[in-house]
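One chain, subunit A, appears in both complexes that follow, with subunit B as partner in the first and subunit C in the second.
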Partner chain A sequence: MRYLSRRLAHGFLVLAGVSVLSFVFVALAPGEFLNEMRLDPRISPEMVAALRDRYGLDQPLPLKYLHWLQSVVRGELGFSFAYDRPVAALLWPRARNTLLLTVPATLAAWLIAVPIGAWSASQRGRWPDRVCAGTTTALLTVPELLLALGLLVVAVRTGYFPIGGMRSAAFAELREWAKVKDLAVHLFLPASALILVNLPVLIRHVRSSLIDVLAAPFIQGAHARGVPPRRLLFRDALRAASNPLISLLGLSIAGLLSTSLVVEAVMSWPGLGPLLLEAIAARDLHLVIGAVMCSTLFLLAGNLVADALLYLSDPRVRADQV
Partner chain B sequence: MKRVVERLLTPALLIAVACAAVAGAPQRAAVRAEDLLVSRAEIGRPGGQLVINQHAEPKTLNPVTAVDSVSGEVIKNTIADLIHVNRETQRAEPALAKAWTMSSDGRRYTVTLRQGLRFSDGDPFDADDVVFSFRVHLDEKAHSGQRDLLTIGGQPIAVRKIDQHTVQFDLAEPRAGAERLFDGVAILPRHLLERFHTEGRLADAWGLSTPAAQMAGLGPFRFKEYVPGERLVLERNPYYWKADRSGTRLPYLDRLVFMPVTSDDAQTMRFQSGEADIASKMTAASFDVLAKAGQAAPYKLVDLGAGLDYSFLFFNLNDLGSSKLPDTARKQGWFRQVAFRQAISLAIDREAIVRLVYRGHATPLWGHVPPGNKVWINRSIPQPARSLDRARQLLRAARFSSKPDGTLVDQRGDLVEFSIVTNAGNSERVQMATIIQDDLRQLGINVHVVTLELRALVDRLLKTHDYEACVLGLGNADGNPNTEMNVWLSSGATHLWSPEQSRPATPWEAEIDTLMRRQLTTLDPTARKRLYDKVQELVAQNLPFIFLVSPNVLVGADKGLGNFRPAVLDPHTLWNVEELFWRQKRSSGTP
Partner chain C sequence: MSAASRQVRAWASLLVILNASVVFAGFIAPYAPNEQNRNLPFAGPTRLHFVETTGQFHLRPFVYLVVSTPGSVDKYEEDRSRRYPVRFLIRGARYTIAGFAADRHLFGVEEPAKVFLFGTDQFGRDVFSRLLVGAQISLVAGVLAAGLALSLGVALGALAGFYGGWTDDAVMRIAELFLALPWLYLLLAVRSVLPLHIDPARAFLLLVTVIGFVGWARPARLIRGMVLSAKRRDHVLAARAFGATDMYVLRRHVLPQTAGVVLTQLAVLVPRYILAEVTLSFFGLGVAEPVPSWGNMLAAVQRYDVLTSYWWMFLPGIALSPVFLLYYALANALHEHTALLSS
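Here is the complex of A and B:
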């Protein structure tokens, strides 16, 4: 319990630090929200001045931060200039969509990576291992943007998949099972993009951790005593290799989140990605910070899960705390 | 008194009870006769929906406070104005106003409203709604984007109700083409918004989370549903005030679905695959990709020719005084010479820009009114062809000289080099700047291209004045000179090369000031055109902006879409949304 509360306190500190830093960065970036309006000949400087006053853009930075903290306490997470609404109301539906994309993608990526990595480790040096290494290298070199666009092109050519979006326009009229199917069809391409981007890293890690373990004397011994190789690989070796892999889980969530911002924007997935992108371009201060905080929160939650798993699986971690 | 007779309301068509029944509006025992406007477009078939992609999400449905173009695209379908500029003919036409008269001094407009009309929630519309709407748009605290346009001679327009169906507008001074001011001024439902306005909370009204039942308008569609990040759906307004020649109430379509699709590529692919039915403001690259399918394609592409946008290069002519920018101040010695600017203009290869940046889908420009603006263009503006020789002559006459290696130096022997800033997000502008860089290298001028994010760029242009030259674009929303006052008046905030001057810096700027102010109050259209022609000449001679090209308006729609008549004026494809209908729909995509 002490371990958990310490991790929580640590997470809270990170959140506070991220909020201050992102606040300073966004505030120091040249240009402000109303600048695009200034280029419109139909809008007078008086009107821009009135809006500056309304949004409190002239306040000094510490005061702005204080106002933001107050709104965090109220549960609003600040106020979006562009949407004229509290940020929290804008974030939650999109955060949910981002989770809807990243959670299945994370699970699928691990479910694919573990057997392939393990198999590749057991075949070390032989041709399946080489093919695997070649494929992962190739995948690693493809930028995520290109991968996402490439998948879209596939969708256009084949016509099997919708071109981006999360639901069809006629979603509301569909029956229950058709709704699930519609969602799954829309999920397939962005999730594939996420999986393909993150898969090579995971496979390589699984492979190298297992290779270390497979070389260990206890595995060699079990092998010599005639334990079947498959059982040895998936039951004993994998368990022994779980420690670095669980740590990797936390990291992989960070990777997936940052990839998902790009993939969402390209594939029009209504998550945090497009919202954050537009908010940064528009200098919508509170919305940027809100979206960054939201991503940080996911990241911390992912790491916390990994920590908790580590705590449960590795007695040494528990021993350190006593 | 000049009587403007309504041209659209052909043989006295006061379609009443019958029409209400056709469109499925609730029938009442005694429905008042409705002054329906009869469309002369092809008679269509009711039903179906239209899917439209947008670059970002709409932010609000509040017609008063909306300032971003994405929200505007949606809101335009839900509102109506008294007098509307026909996007096809570019002329003002009756809308909610059945007719209007202007007093001989041009200061009083008396508007007769259509009778028996209803808002999209079924509540009746009358003069009180009009008076309320203008009160809101003119209220300083409401932050209406229309307020500045409705303030004439420093005074807000005075609005007075004469009777239930007549409203009188008094202007502090005569204003040419004042009827165009009514275009886009949304008439609001007093019964829904007055409470918000009195409490000073108008900005909170009609956000995206407001229930549809609490919103109403006079446009062809009304709000139905919003799913954050995914789509916004408008449904048919059963009380809309236009009908077709057969008496069917418009609009034909049941729904408009707006979907945010951030990237251009994804938008193109969605249109190609039939997941979006209509494409506006396409890039030349997307247009060419889609055009490859040729006649067999299930969609139709239209290049409407030059629009109202124009791009240009300009130099920093701000009075930098004893500022922290000594280097820029020194270079202003060149920038301020008309001959220098003329030489630059002569060296720029506009045809290359059209060919390379816009793949042929643009029109070279030498003045600020593009050929898309049929009413106002001055066709006698000279269009000198590119000539490096003449450019060199001009530079020599201005005491610039070339070193043996070809580089250009000024009379003090300083190398002529400067930087061009432009906004990073706009690849066309970056490419134009690069072409200019190459063109000027042939004169021996060394140019650096610097890209900045748009909002950071605006800081430099309008606040710190820390730049040397810039490639930018502007658009004239309705083609009328009045909306560009702030660009050409030397005191204007978007007089980009040297904004907000306390007094005109040059004689030609002073002359433009006078001409622009005179055209504002000149009621005779021919005299007014002459004044604006002169402004165009002065600008073309003095080149505060060195004009480059006007991008063509590129649009597309599914071939099965009837009454698709795109226009150069914004909104290019949806300006006649009430008349659009499905002849047949291709099978792929949404049903």
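Here is the complex of A and C:
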């Protein structure tokens, strides 16, 4: 447990560091939200000055940061000028939607990648392995932007899937099960895009780490003793290869979130990505900081989960910490 | 020469050819990228014919004049009364290559006929010409940004690994903060503090700087690790014992050992950064119209009618795949090559 609490403390430090860094960046920014207001003849200079005062725009940077920290403690995460409400109120529903998309997509991608990668490793050099390698390479060269757009075309052409969005217009009137079904139908294409982008990387890693393990003497020995190949592959080899794979889970989360941003924006899934893009267009910098901090939080949380899994699955990690 | 190094050579030379040919975009493109044909919006790719309506065969391909079908917006038909053979080294719009002005184009047809190999966009601009000129922005931005990120990464990573102590701590802690953000979020965050609407030339430089600046952390980590192990090798310690200065040891003994990794990183980073430019321009945060970039060209498909009806508008995105394939192949070959050398 000491291991995990240390990781947790480290995560907090990183989060604090990121927040300081983003504040310094924002301070360097030319132009701000109220600049456009100043050009509007209907708004008097006194009004702008009053607003500046209210939002504390003329205060020195450390004081601004302190104010922001206070609002974090209050659970507001700063104030969005463009939406005229606390950032947190805007952020949480969007963050939830991003999780709703990325978590099932990650699970599905792993569930697909592990058996394919394992099978490909066991068939090493034979034609199933070749086909698999070719397909993953081809998939690897398709950028997520194009993939998302392509799936959107599929949605339009087939008519089976809704074109973007997260809910039908009549969502509120649906009953419990119909709501879940509606959500699942909307989730299918964006999640497929995420899965397809992640699959080639995952399959390759599963394959290469299993190939390493399959060459190990204990596997060869078990094979010689007549342990069935399938049991050997999925029980013994996969377990031995779990360490690099779980590390990969932690590493892949950063890429997953970036991909998710593009997919969300293209398929109008109301997650963090579109919110960040809107905030940038409106020069709503507190909202930008909020969205960035939120994504950092996801990444750190994902890494923490991977660390915890590693701790549980690998006795060597536990032994190191004693 | 081993198979791996032959492969490295093959892929690298293909990429050099690709990037060099971008310079000649103005010559290869039949039209100026911003030349509009308002009467021909969303015209499909022009068909190249070899056989006339009379059944006569011509070795030299020819096109017919394309006119819009009366009573429709985006339907076109061929006026088959006269054929326009494709001519090579034909005179056309003026362009410059590395400062030299010229008006000869690789191919084209006589006016009023047009040859649009990849169709036209909403303003009747030639997609093929825009794709080539857009490559000057998109492909070059990737290379420059990767160069910048790697220079920063190598400099800081070498500094941290070589001197250690508090320098190492400071650089690596900051790198950790940069790596704590999902990279597209980081990129957008840095972009968000810069002005929204800027002219294309400055936008291009800005993008290259931002992408390069954001990407230094990962290479810095890699290089630091390599420098740490390299500086403890016997021949480096021997050079030190003979009184070699820090700079000399770094330049002669330490940095050359990282060359393989740096090159592999370059091949990995360039496609990522090409995609970064395309993504930012797609979202309207990069190079803006009328200057073509693959990203702002692809942005046209955000319109519902374009998405469903005009497949050729996807070509700026589809063109990324072969480019990426070349870079991946090079990265793979380089990786195997360095693995062979070190084993």
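What we mean here is this: the second predicted complex is superposed on the first by the 291 of 322 C-alpha atoms of A that agree within 3 Å, B and C clash if a C-alpha of one lies under 4 Å from a C-alpha of the other, contacts with A are read in each partner's own complex, and residues count from 1 in each chain.
Just so it is clear, contacts are C-beta pairs under 8 Å (C-beta built on N, C-alpha and C of every residue); 3 or more make two chains touch, one makes a residue touch a chain.
Just so it is clear, the model here is predicted, and its values are computed rather than measured.
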Next on the checklist: A:V18 in the overlay: touching subunit B, subunit C, both, or neither? Say first, second, both or neither.
Outcome noted: second
Checklist entry - Once the shared chain is lined up, is A:A265 touching subunit B (first), subunit C (second), both, or neither of them? => result both
Checklist entry - Between subunit B (first) and subunit C (second), which, if any, makes contact with A:T137: first, second, both or neither? => result second
Checklist entry - Is A:M166 in contact with subunit B, with subunit C, with both, or with neither (first, second, both, neither)? => result first
Checklist entry - Should A:L233 be classified as contacting the first partner (subunit B), the second (subunit C), both, or neither? => result neither
Next on the checklist: Quick check for you: in the superposed arrangement, does A:R283 touch first (subunit B), second (subunit C), both or neither?
Outcome noted: both
Next on the checklist: Contact-wise, after the overlay, does A:L149 reach subunit B, subunit C, both or neither (first, second, both, neither)?
Outcome noted: both
Next on the checklist: By the touch definition above, which subunit A residues appear in both interfaces, subunit B in one complex and subunit C in the other?
Outcome noted: 29-31, 149, 152-153, 156, 265, 277, 281, 283
Item to check | Residue ranges of subunit C touching subunit A (in the complex, touch as defined) | outcome: 173, 176-177, 179-186, 188-196, 275, 278-279, 282-285, 298, 301, 304, 307-308, 314, 317-318, 320-322, 324-325, 328
Checklist entry - Which positions of subunit A touch subunit B when the two form their complex? => result 29-33, 35-47, 50-51, 54, 82-85, 89-90, 93-94, 97, 149, 152-153, 155-156, 159, 162-170, 172, 265-268, 270-271, 274-275, 277-278, 281-283
Checklist entry - Of all residues in subunit B, which touch subunit A in the complex? => result 49, 51, 56-57, 59-60, 62, 65, 67-68, 140, 143, 145, 147-149, 203-204, 207-209, 225, 227-231, 257, 259-263, 265-266, 269-270, 272-273, 275, 425, 452-460, 462, 474, 477, 483-487, 492-494, 500, 588, 590-591
Checklist entry - Which bits of subunit A are touching subunit C when the two form their complex? => result 14-15, 17-18, 21-22, 25-26, 28-31, 137, 140-143, 145-146, 149-150, 152-153, 156-157, 253-258, 261-262, 265, 276-277, 279-281, 283, 285, 288-289, 291-292, 295-296, 298-300
